[in-house]
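Scroll down for the structure; my scribbles are underneath it.
The first chain written gets the first letter, and so on, giving A, B, C and D; residue counts start at 1 in each chain.
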Amino acid sequence: MSTIPRFSRRRFLSVAAQTTALAAVASPLYLRPDRARAADGLAQGMTGGPTGFAGAERYQYGPDTPEGRAIEAAKALKATGKAPERIVLGLSDGSIGQITQPFPEGAPSVKELWEAETGIILDIVGVPNGQEFTKVMQDVSTNGGGFDIYAVEWNRLGDLAETGGIVALDDFVATHKPEWDDPERGYVNGEQGVSLLNGYRGSVYGVSLDGDFQTWNHRTDLFGNADEQKAFADQYGYDLAPPTTWKQHDEIAAFFHRPDQGLFGSTDLRNQGWGYTNWYQRYVSMASPNQFLFADDGTALINSEAGWAATQEYVDSLSHHSPDAISWGWPEQYGNFGNGSAAMTCAFSNLPKFLDNPGNEGSKVTGKVGTHLPPGREHADGNARRTVLWLNLTACVSSQSDHPEAAYLLLQWLGSSRIYSWMTANPGGYFDPFQLANFADPLVRETYHAYHMDVVRESVRRTVPTINYPGATAFHNALDENLMAALTGGMSAEQAMANTERQWQRIARRVGEDKLIDAIKANKAAWPTLMDPIAS
Amino acid sequence: MQRSLSFEIFRYTAIALFLALSLIPTAWMLSMAFKPIAEWQSSGVDLTWWPNNPTLDNFRFIFGHSSSDLIVALDRTAGRPILASLLSASFGTAIAMTAGTAAAYGLSRFGFGGNLPLALIQLRLFPPMAVMIPVMIMWAFLGLIDTWWGLALIYGIVTLPFAFWLMKTFFDDMPREIEDAALVEGCSRWRVFLRVTLPMMRPALASSALFVFILNWSDYLIALLLTTRDWVTIPVYMASLSSSMTGQLYGAKAALGLIAAVPPVIMGIAIQKQLVRGLTFGALKE
Amino acid sequence: MTEIVMENLGKDFGDFTALAGMNLTIGDGEFVALLGPSGCGKSTTMNMIAGMLDPSHGEIRFDGRPMNGVPMARRGVGFVFQNYAIFTHMSVRENLAYGLRAQGVGRSEITRRVAEIAELLQLTPMLDRRAAGLSVNILQRLAIGRSAVVEPAIFLLDEPLSNVDAAFRAVMRSELKSLQRQFRQTMVYVTHDQLEAMTMADRIAVMDHGRLLQVGTPLEVYNHPADTFVARFIGAPGMNLLSGQVVSSDSGTQVDLGAAGRSGPVMAAQGGDVLFGFRPEEVQPDPAGPLAMQVSMVERIGARTILHLVTQGHEAKAVLDSETPTPGQGEVFRFSIPAASVRLFDAKTERAL
Amino acid sequence: MTDMTSPMPHARTDAPDAEGREERRLGFWLTLPAQLLVLFIALFPILMQIYISLTDWSPLDGIPWYRAYELWIGLLNYADLAGDPRFWSALWRTGLVMAICVPVQVLLGLGLAILFVDDFRGKRVLYSTILVPMMVVPAVAGYMFFMLFQSGGPINDLLSMISGQRVTIAWLSDPDLALFAVIVSDIWQWTPLMFLILLAGMVSVPQDQQMAAVLLGASWGRRFRTIVLPRMKTIIIIAVAIRVIENFKVFDNFYIMTGGGPGVATETISIYIYKVTQQELIWGYVAAIALAILIVLSVVSMLAIRKMRKA
């Protein structure tokens, strides 16, 4: 594999794709089978989409939609023999259900619909959770060629793009117009949201299939209990309610922390690879509107009063966690919350969908889950309530794929608001809502709960992106390692930050500071400026 | 030799104490495998030691029968990983045993391959993790990634040292007179090896093969790095048994763990006697 | 220097009776050989004397003290194992000192006694050699020395010569005998080789199938076997036993051996069917002898010649010294047996008459 | 893997005739597959590791490994390695785990073997039961131990029952306790194998020598010390060697139980390399680590073998 031939092959393919796409539109022949099917349950003017259930028309599309264009272009490729027999999609195990299980009653599955409309088989390969990037790197570095599409954590996009393992999708985007920034239906924050989730250094490298904005949950039964309210007010001098500041959060968590009764105050994660999402939240709210990680010139800002204080708070907060917090991953966290053993937690936006779910017989918290905006810190100009975007599956097209355009078309179809709303409403997997259309969709609101959906939308507006520059993995690992040392008492908060800073400097040199500064700026542009009013 | 009563009491007490501790994890696995989801909770005040409502749901579940909607239906059942484990471990064992036995005989009888004892010890001593990058690249080049035969090949190589050392001690122990007698009868060396030596070595082969098989069967790390989808093995597959509904699917993991213990147990019972003899590594020669 | 008394001693392993009602007294300083084929109960007897096995019934007494239940370490028994059980990972000196150390004897005392025994057994030059790789006769001496150094009252030897090749056995036998004379301890020697028993033992106890058949000096056992088993087992080749009938005639009592003829006069206490026994060595070629058998094979072994004789229904062997002219194969050999050498056995009970 | 200086088998020269030729041919062909497998797994990986260890190659750079020379950095990786506290601490920790696990496993195995060396009622059943952990796949054991060691898990539950008060030790979240927990799982998994090997050795200690010692008045302890142990020396060395070799590479149950955490509290050398390989992706550096380990191990194993040959 060498850069030059790969580059030219990619060019060649995209040019070829444009030609065939045009040819397809011009020829009515290819549209005929679709017309025939359209009579069967599709709403007036629709050319495709799911059928067979009430409200299906919301997810159907006409020819002039991203979904419609994707399907037509795919069929055109197929007709000219330029489409593959099958597209292989590598995906976290837990997400597969949303594509393969029919939802709701009477509907086809997403996979069935795609295959019926395009004739291209969708072959989904499960990857164990947490191993997504490992598997992708294996495929990239060994030229395994096992996948057409990788689904990886969002902030690995930069690293992956640098490997040359994924292709830039700009040409396809230009040709097929996914309309991700549609102000009504598209990504939150429009163009800027798109570039945050799908872009790297000015090019599109991925298609977001997730909305992992870390969202806060609490137990309404505990917060609404009159005895608890009284006891709390007596002790702390203010009313028990979902916290608006970190101080309140820590006090409420301490109040509810009763391990001998099987109840923990708060169970947001503290393990490796996850714990720092909470550190992030505490750190970035240290200044108004944001406490940045890096200055514009690439200097790390964490080894500072703000960094030390956030780290100290973070370490102290262990006192209202499960004693096992450091070794828990999200499966333990979800299991514990579902078992009614936590008063608050911060998780993917899908927690209520899974645990406040009458179908989940194992859950003891059905009907008792509430959600709230992230706690914040009060500054002169308001309360900086911040949360982070972490993990977030984003699909990329492998540069080893022989049919990158077909792969892209699948992603455009999957990742556009109609199909995505339909898919995310399916309770069978991890794809979470993130587009404006998703939040408003009745089916999604049913699955994710209306009470939650608005909080998620508002949390998105207060979300800080985690590091997505090249070297993201190394940056996070260094931070992680030192925070963990602080958590386990091996290091003071100051030492941890000083150490992190030193390691970050090394990583920055390795990555190349010019690249980094570009990426930091792009990343910063996506940081929220919204400040909440300070409660009196 | 007669032992005193107090010794007998001590013996049974000590063994009982050891077993009481050493059976906890196994008992827990057994218990988890038959617990319904409601009792999976491994932590907290409502811990259940023994299933209150024993069920086979966990076993049904990993073979694709979702007993209730609350568990995400499995897109891949345990059948294929079990097959992958069986194929890769068995053929890996076959490779190690074939090459190891032949080489052990060659060295023991004809003095060939004097470099092998040390080379193989070093091979075994070296952490596989440290060579996984070049191995991944080689395997990818040879098209062996995510194939059971690719896995079998690396298993065969990493357990070759054990096969070699075990068989070598057996050959060293074996009296040459029998072979010599056959040679005098006019058999070729090769024929003697196949028709006389190997049949005599059957118990040794069986115990060595079991040992090598267990090593291969237990592997997690190598399969983790060399398989991706079609041929993931049991331990790798097991890692994917988790869901947002219930957290880790511990019951399913335990059920699969129980199934994974079946082949070694069956083989172990089949050749219990030889196993003990086989593991002395020829150290008891005078 | 202890008297061993076994009274009605028996051992059962489940349904199998290894030893049944053994009564034997071994005198102080006596060398008794327990002789018999494998499985006859001789090792069981010895293991019970040593205390490795508990008797099923009966009693063992050392100098009148009952030994049942006394652990073997406290019986004061020296044991020489079939393969000597030398601690091959130790030096000769360590082997010799082992028992003394185990019994907590003082260091200087150990040195002295080890030197003494080594001198006695001519082991002094190899005291610091590792025991592994020593020759068999040294191992034997070492085994004896290791036991002797703790001065046991009784020595038990379990077929110590069975692993030694034939040529060397004679040497070892005489060595063993002279050692016994030096130590003058009570020794019980287990063997299946009648030659060893004959040459070394003061008395021989012949056993078979868990029963004691006969006890006596080697000559008694040789000359007056109590039954046909002993008769056949002792001597090489064993006693000839031809079935015949006691007949009385003018020339006195004779045994009619059918085709082989009629024996010379014998002293017989009873008539009827008997087994006519005589040692091959007692055969006297006699052209006018009363007995005649056909020579089926002639074995010449140095100083002696063994004739294999057959006649319808009878087989016998004759040992002649090689000076004596012998008939060729297929010829008829006439011979006589001196009356004093004839032993008669009851044909049914096979006991001596 | 380094002893590749004589990949061609050296033939025996004392068999000059036709039979000798046949033997040489057979000896050659018999050892060939093993030689080829060793060569196959050693040659390319070693050469490649040497090459990329001199570069700053990472799969993130988007160039294939053979073009790693573009990122040539000489011996910098090795210099980094010498000053990498995480590497040294992982190495030290691996040694510590070994220093605890191996003696405990061997002693427990020896103790059990003593109890099992002669016959007693129920021996067969108890013997088989002791071997059960051997049959459990280490990765599975990892999950079981993860559950067992939860702060509200079965082990604390047991301790609560025994002590009479609620025990909530956070085994896996405390650096020292987590190390203890993974060591327990390792001891659990491998003691049966040690038992099996040592029992086989103990059974083969000649019975008559022990008898002889008894008759000479030796106590049990003296017999064990002077007869049984010296006889078992070789097999004990082999048992220790097997555990040292396998323990050095320990990964499965450790990784599943703690992922090497909390922090780096249970990070062994294999887990460290795994993390550097999979998360930091600095593969040139990984190659340097691998070679450093290879060199150390080669020297150690050669010394050990030489010493064993002498003994």
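The working rule: contacts are C-beta pairs under 8 Å (C-beta built on N, C-alpha and C of every residue); 3 or more make two chains touch, one makes a residue touch a chain.
Source: prediction; values computed, not measured.
Asks: Which chain pair shares more contacting C-beta pairs: C-D, or B-D?
Replies: Looking at contacts between chains, B-D has the larger number.
Asks: Which chain's centre, taken as the mean of its Cα atoms, is farthest from the centre of chain D?
Replies: C
Asks: Roughly how far is chain B from chain C, centre to centre by C-alpha average, rounded to an integer in Å?
Replies: 56
Asks: Could you state the distance in Å from the CA-based centre of chain B to that of chain D?
Replies: Computed from C-alpha means, the inter-chain centre distance equals 15 Å.
Asks: List the centre-to-centre spacing of chain A and chain B in whole Å, with centres computed as mean CA coordinates.
Replies: 40
Asks: Of all the residues in chain C, which ones touch at least 2 other chains?
Replies: 52
Asks: Which parts of chain A, given as residue numbers and ranges, touch two or more other chains?
Replies: Correct list: 141, 143, 262, 322, 324.
Asks: Where in chain B do residues touch two or more other chains at once?
Replies: Answer for chain B, listing residues that touch two or more other chains: 1, 43-45, 133, 137, 239, 248.
Asks: Which stretch or stretches of chain C touch chain D in the complex?
Replies: Touch residues, chain C against chain D: 50, 52, 72-74, 77-79, 81-83, 85-87, 89-90, 98-99, 101-103, 146-147, 150.
Asks: Chain C touches which residues of chain D in the complex?
Replies: 206, 208-209, 211-219, 222, 226-227, 230-231
Asks: Within the complex, which stretch of chain A touches chain D?
Replies: Residues 1-3, 133-134, 137, 140-141, 143, 159, 162-165, 259-260, 262, 271-272, 322-327, 470, 473-474, 477, 481, 484-485, 487-490, 510.
Asks: Show me the residue ranges of chain A that touch chain B in the complex, using the header's touch definition.
Replies: Within the complex, chain A contacts chain B at residues 90, 93-94, 96-97, 100-101, 124-129, 131, 135, 138-139, 141-144, 146, 261-262, 322, 324, 330-336, 338-339, 341, 348, 350-351, 354-355, 357, 359-363, 428-430.
Asks: If you look only at chain B, which of its residues touch chain D in the complex?
Replies: It comes out as residues 1, 3, 8, 11, 14-15, 18-19, 22-26, 28-29, 32, 42-45, 47, 49, 95, 98-100, 102-103, 105-107, 109-135, 137-138, 154, 156-157, 160, 164, 188-190, 193, 214, 217-218, 220-221, 234-235, 238-239, 248, 250, 253-254, 256-257, 260-261, 264-265, 268-269, 272, 275-277, 279-281, 283-284.
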